[in-house]
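Think of it as A, B, C and D in the order they're written, each chain with its own count starting at 1.
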Amino acid sequence: MTLTGIAEFIASFFGLPGSSSVWIVAVLAAAILLGFMLLTVLILIYVLRKLLGKIQARLGPTRTGPKGIFQTAADALKLLIKEDTIPVKADRRVFIVAPILVFVPAYLVYVVVPFGEGNHFIAKDLNIGLLYIVAVSSINVIGVVLAGWASENKYSLLGGMRSAAQLISYEVPQALAVLGPVMLAESLSMQDIVKAQGEGLFSWFIFRSLPLLGFIVFLVASMAEINHVPFDLPEGESELVAGFNVEYSGMRFAFFMLAEFAASFTICAIAATLFLGGWHSPIRGFLDNGWWTVFWFFLKSSALVCLLMWIRATYPRVRVDQLMEFGWKLMIPLALFNVLVVGLYVALGKGG
Amino acid sequence: MSEEEKLENTETSDKPLKPAGKASPGKALAEVTPPDPRLLALAELLQSTFGDAALESVVDRGMVTLVISPGTLLDTCQQLKTDPALSFDYLACLTSIDRQDHLEVAYNLRSLTHKHEFCLKVRLPRDTPEIPTVTSIWKGANWHEREAYDLMGIHFQGHPDLRRILLPDEWEGHPLRKYYVYEPDDVPSEQGPPEHLLIQLEGVE
Amino acid sequence: MGPQHPSTHGVLRVILKLDGEWIVEAHPDIGYLHRSFEKMGELRTYTNGLPLTDRWDYLCAMTNNLVYSMAVEQLLEVEVPERAQYLRVIVCELNRIASHLVFIGTYGLDLGAQTPFLYCFRDRERILHIFEEICGARLTYSYIYPGGVSGDALPGWLEKVDAFLDYLPPMMREIDQLLTGNEIFILRTRNIGLISPEQAIDWSLSGPMLRASNVNFDLRKESPYQVYDRLDFSVAVAEQGDCLARYHVRVAEIGESIKMVKQCLAQIPDGPTRAKLPKTIKPPAGEVYARVDTPRGELGVYMISDGTDKPYRQKIRGPAFVNLSILSELLPGWKIADAVSILGSIDVVMGEVDR
Amino acid sequence: MDWHTCSFYVLSVMILGSALMVVSLRNIVHCALFLAFTFMGVAGVFALLHAEFLAAVQVLIYVGAITVLILFAVMLTQKTIGISLKQTNRLAPLAVLSAVTFLCMIAVIALNTTFPTSGQHTVAVSTQTIGSAILGNGSYVVPFEVASILLLAAMVGAIVIARGQDN
C-alpha cells in the first residue's frame, strides 16, 4: 500500500510507460506534503490565537464554530474573497512573482523533514538533507527584497531591505549551529542524524557535547530568519507603517502569511529532529516503532511551536541596530564556539 | 468695574502693602482669614529688592502679585532667577489676560529650592501688545508664549519660533480677546464689542 | 509621524527631519484636538463649567475636577468638610493608578509587547467599575464639585475600594515581571531620551518627567492640598532621567497611591460632604492659581473672577503641554525607533495638550 | 526518451532561455531575477548528475548570496524604479564577433573530445569524498586555505572601504 504501489496502479490505469511511475510518486508526495502543510498552518494559526488569548487572560476566537475552530478557515476564506489589488505604478510581474519566491522555499523544505521512521515517512531522504535545507531557505531573501521593491512605496522598500539584511546576517549563525549535529552524526542526511540519537533521552544531541548551546543558537537564529516576534523588524508597526507586504492584499498576502507560519513549523520540526532526537521516544525501545514514531515527532515539534508562541506573547521588539549587533557580535561567535567544542568532543570521542 | 476701583485706591495710598482680604459677599466662613505670614514676608522681600520698578504689590487669597512695567521685565526676571535669595528657577505658568482697556501677562514663578512662589504681572497697551520674550531665561516659556501670541495676539520680541501653535496658520484674529466673536460664515468682527457681549459686561450688580 | 500613527497616543503630529535612521530635527505640531476650553469657560457659570473639565485630561478627569473646584474654593475662601476632602483624595489617587496602568499597557504595546496591555486594562476595569458605582460615569465623572463632592460614599463602597487595594499588589508584581525584568524592554529604554535635572527644571517639566531626572519636587509634598499633609507617603524619584527611569517612577507611584488610599480609608471621618454655598456662586473679584499633581504633572488653573457668576479668565496649565515642548530639543540625535519609546515615556494625553 | 533526458532538456532550455533574458531585458531588476533562475537551472543540472552537494552549494552560494548581492547593489546605488536601460550600444558588433568566435572555439573542443558515454549513471559523488578531497591528507588543503585567506582579505577590504565614508 506504499506510494509506489499507488503510482504503479495509476501508471497502468492511464497506460503510461512503466518508468513514469517515479514521476507520479513525486507528484503524489508533493500533493500530500502541500496538503499537510496547509493543514498544519491552519491548525497553527488557530492554536496561536487560542494560546495568545490564554496567556493574555482573554478567550481568543469563539465565534466561528464551537470554540472558534473554523476561525482560520474563515480568515483564509476572507483573504480569498478579498480583492487582489496591485498598485498602479508597481512592476506587475515582479509583484506577482515575489510572494511565490517567498512561499516556495518554505514548502520545499518539507521534502527532507523525517516525520517518522523508515522511508515511507519521509519524502526523499537526500544524503545532503541539512545542506539542502540551508540552501533552500536562503532563496526567500530574494522574494522579500523583490516584494519590497516591486510595491513602489518607500516604506515597503525600506522594510524589504531591512529584512533582507536581517535574513542574511542570521543565515550564518543558523548554518553554523546546524554543524553541531552534523558532526555528531557524521552525515548530512536527516534520517542518519535521527538514527544517531537512538539511545533514549541522554543520547539526544541537545545534551551531548555542550548542552543546550547549539540548540539555543539554532532556535534564536531561526526565529530571526522567519521574522518572529523579538526580531519582527520588517513589520515593526510602531516604526514603519508596515513591512514589505504593505501593498499586498487578498490571496497574495495569504502567501506571505502561509510562508511565515509554515516556516515557523518547519524550524520547530528541524530543531526537534536535530536536537531532540526526531522521532525517537525518550525511553529507549519503548513505543519506538511504526506509527508511534510519528507521534513522538509531532509531540516534540508542537512543544517547540508552543514555546515560540509563548515567546511571541512576552517579548517586545528589538531595535534594528541592536538586532544586527546581536547577530554579528553575539550569535556568530557563539555558533563558532559551539562548532569548536563539538569538533573537539567528536575528535576526542574517536580517540583522535 | 471692581478692577478699576482697586487701581485707584492703590495709586492714592502711594503703594503701601495692602492685605486685600476684605469681606466679600457670599462668604461662607464668618471672619476674614488673615493672609499667611510667609506670603507677607515674600511680598516684603520682593518689594525691597524691586522697590522702584514695582508699580503695585498685592497679597490676595494665597497668592502674592507684583506688577512691574514691561520695560524692566527682562532684567527683573534675570535677577529673579539668579539672585540666590530668590532663585525663581521654575516658570509654572504664563497667562495672557484681556482687561478690555489693556492686556496683561502674568508669570507664575516658583523656586524649587526656597519652596516659595509668586505671580509677576506686566500691563501692555491694547493696540501695540509688545513684550520681550523670557525663553532665554526659562526655556519652558517657549510654548506658553506661542499660545499667548496665538490666542491673545501678544507679540513676544526675540522669540525663536513665534508662530501659531494651536490654531491653523491661516486663522485670522485672536479668539481669547473679549470682543472676539467667531461667526463661522463671515470674517470675525473686531471693530467693537457686539451688543450681547456688552450687556453681559455691564451686568454687574 | 502624522496625526494618524499607531504610537502617537492621539492626534499629535511630529515633523521629523531624518538623516537615514537618525533624527536631525523634530517639530511637534499640535492643535488637532483644540476645543478652546478657555473661551468656553468664560461663557459658563462656575457650576456648569465643571463638566467641561472632564474633557481636559480624559484619562484622569478626577484631578481636573479637583483643580477647578479648588480654584473656585480659593476664590470664595470656603473650607471643604473633612469627609469630602478624604473622598477627593481617594478618588484622585485611584484615578492616578488607572492612568498609570494605561501608561504601562500602551508603553509595552509601543515597544511590541502585547501581553502587559491586556493585564493592565483588566485591572483598570475594576477601578472604572468602582468609579461607576460612586458617580455613575467611567471616564467623565464630574464628581468633585466646588464646595465638596457630588455624592457621599454609598454603604459598602469603601469596602469595595479596600478589596481592590488588596487585589492590586500581586497583579502589579505580575505586570512588573512581564516588563521590568525583560532584557529587550530594558535594551529599548535604558539611557534613551536622557533629560538632565537642569534641563528638566529649565523646561519646567513636572510630575514623573521631573522626578525621573532626580528632582525631588511633588506638589502633594511641597504645598499639600486637601488632606495630603496627613498622609505619610514617599515621593518616587529616579536618577538617570531616561525612559526606564520614567517607567520606574510611575510604577513606584502606583505603590505609593495604594498606601495613601489605604490610610485615607482608615482615617476617613463621618460628616457632611458639601459646604453651604449660595445657589449661584459669585466669588469676589480676584486672581488665584490653583495647582494639583496629576499622573502627568502639575495641572494648574489661573482663574480670575470679576464678581459676576462667570469666570473672567480661566487659563489651564496642562502638564503634558509643557512636557511635550521639550520634544524638539529631546528627539534630535536619536533613531526613529527611539522616538517611539521617548514619546511613549512622556505619557502624552492630547486632550489637555490642545485644550 | 526516459524522464532523465527529458528533464535534462527542460533544464537546459530554462538555463539558456533565462540567460538570454538576463542579457536582453531592459529593466535591471528583471535581469537579476532571471539570473537567479539561470543559477537554479544549473543547480538542477548538477542534481541530475547526482552531484547533490554541488547542487545545494550552487543554490546556497549563487542564488542565496550572489543574486541578493547584485539586487542590493542595484537597489542601493541608483533609483531603479521604472527606468529602463538601453541594452545595446556602439560596441554591439564587437560583442557579437567575440561571442561567435568563443562559440566556435567551444564547438571545436566539444567535437573532438570523446566523452565517456557510458550508459549507466555516473558514480555518486558523496559528500564524504568531497570532504576528504578538500581537507583530507595530501589533497587540496593548501589551495583551500589560500582561498579562504584571500576571501578574508577581500572582506576586510570591503569593510574598510565602506567604513571609510563615515569618519
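As a working rule, a residue touches a chain if its C-beta (ideal position, glycine included) is under 8 Å from a C-beta of that chain, and two chains touch if they have at least 3 such contacts.
Source: prediction; values computed, not measured.
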- Query: Comparing B-C against A-D, which pair counts more contacting C-beta pairs?
  - Reply: B-C
- Message: Distance between chain C and chain D based on Cα centroids, please, to the nearest Å.
- Response: 65
- How far is the middle of chain A from the middle of chain D, if each middle is the mean of its Cα atoms, in Å? 27
- Indicate the whole-number Å distance between the mean C-alpha point of chain B and the mean C-alpha point of chain C. 26
- Item | Centre-of-Cα separation between chain B and chain A, whole angstrom | 68
- So that we know how the chains sit together, what is the shape of their touch graph: line, ring, star, complete or other? line
- Can you name every chain pair that touches? A-C, A-D, B-C
- Residue positions on chain C within touch of chain A in the complex are 5-7, 21, 108, 110-115, 118-119, 122, 178, 182, 184-185, 187-188, 335-338, 340
- Item | Parts of chain C lying in touch with chain B, wherever the complex brings them together | 30-31, 34, 36, 38-39, 74-79, 201-205, 215, 217, 222-223, 275-278, 281-289, 291, 298, 300, 302, 304, 306-308, 310, 313, 315, 317, 321-322, 324-325, 329, 354-355
- Query: Once bound in the complex, which stretches of chain A touch chain D?
  - Reply: 19-20, 22-23, 89, 91, 93-94, 97, 126-128, 131-132, 134-136, 138-139, 141-142, 145-146, 149, 152, 157, 161, 164, 168, 171, 188
- Interfacial residue positions of chain B with respect to chain C in the complex: 1-3, 6, 20-22, 24-29, 33, 60-63, 65, 89-93, 95-98, 106, 108, 112, 115, 119, 138-144, 151, 164-168, 175-176, 200, 203-204
- Message: Looking at the complex, which residues from chain D come into contact with chain A?
- Response: 2-3, 27, 29-30, 33, 36, 52-53, 56-57, 59-60, 63-65, 67-68, 71-72, 75-76, 80-82, 126-127
